[in-house]
């Protein structure tokens, strides 16, 4: 399942909803990305995420499908926000559930790495002086995504 | 932080408590282990965990300390239950928070792998016919722990 | 064709979206980009380094030149930075 | 010394905990195990394959023979299966 929304989400509630009444799940991994006050050394006060409606959903669906083809998952969820968000707020959530922990860990890590380099979102940071800057692509994200090939 | 308790826990609440009022955390990974109905092919109806009070806490503290020395974590939590638990209930929780996602992912995976082979807990499964069996050590857990050396 | 711009490309050009008709001059991605660059210095500048411009046709990434037709949706944007 | 047994070792021996005094016969881990095995067939059987018995002295794993003294806590248990 994937969701793209401006609204804040609650990681705990999403985990509960995804795993409710299931007795076949042994391992649940969640990843939550949060707005933090420093990015590459500059003092961030808020973050605005732009995205490409339509293509975003298609890309996230493709990435989730790929994760489910590579690992044996019993459930998976990707939620990504857009719009303006404050420090400490969640931006992105990935949940993977499997019978075995390695599967859940690897799939969650893969989902984040591919999402970071494929899903059409762009971050704009606002700093203390009111300046807004488009965040630059990170080499480490490109390297991380390469681990998974394909 | 580590906790050993018979009481059920709520992953969402634990994540909230650990990350509340923090704006320096960029990535939070949680792992929740649940009681599932099949283990190695046998039909499980409930699970009882015995542990070694005192040594359990010491081992978990050592493992958490090791994770914090290997990765740059802003917060970490390990909760492990003992006693009898029903299908679908959580057994173990690991949360790692970091500025960067790879750090949080790797540390959480490490914590689970070392905990699985070092923390003195023993599972006894009860199946549909009422028989109770001590769970056997898994080769895959030993192999997983070896990845991290030390 | 519907042409979309995102992030700094949008900011730089001051355009979110526009409609361009296919013609003898504009018939594939390369010729579309060549035409866009003729429209003024800010267009020239935005498309000077195609290594930092990603292209999607009908919401799918393209990395080679592909033919375009009226009705297609073409998007230009920087490398993504979500997550 | 306080001797503790866990999981199937406890079930098999029917003992959770006992107190054993150090002596000329019992002075290190190996001699303690040797003495325990003399106490009956179920003891002999439980300790026949030391590959599946883990040992902790004062709540720390030991993998080699170490000396013991009165006041020590020695625990015998199977490979762990938590998590």
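Observations, loosely collected:
A, B, C and D are the chain letters, set down in written order, and residue numbers restart from 1 in every chain.
By our rule, contacts are C-beta pairs under 8 Å (C-beta built on N, C-alpha and C of every residue); 3 or more make two chains touch, one makes a residue touch a chain.
What you see is a predicted model; the values in this text were computed from it and never measured.
Listed here as common contacts of subunit A and subunit D: B.
If you average the CA atoms of subunit A and of subunit C, the two centres end up 27 Å from each other. With centres set at the average Cα position, the gap from subunit B to subunit C is 49 Å.
The distance from the centre of subunit A to the centre of subunit B, with each centre set as the mean of the Cα atoms, comes to 23 Å. Touching two or more other chains at once is no residue of subunit C.
For subunit B, the set of residues touching two or more other chains reads 33, 112.
The touch graph of the protein chains shown is a line. Every pair of chains in contact is given here: A-B, A-C, B-D. Across the complex, subunit A meets subunit C through its residues 33, 49-52, 54-55, 58, 80, 91-92, 112, 115-124, 134-138, 141.
Residue ranges on subunit A touching subunit B, taken from their complex, read 10-13, 15-16, 19, 21-38, 87-88, 99, 101-102, 104-105, 108-109, 112, 140, 144. On the subunit D side of its complex with subunit B, the touching residues are 4, 6-8, 11, 56, 59-61, 75, 77-83.
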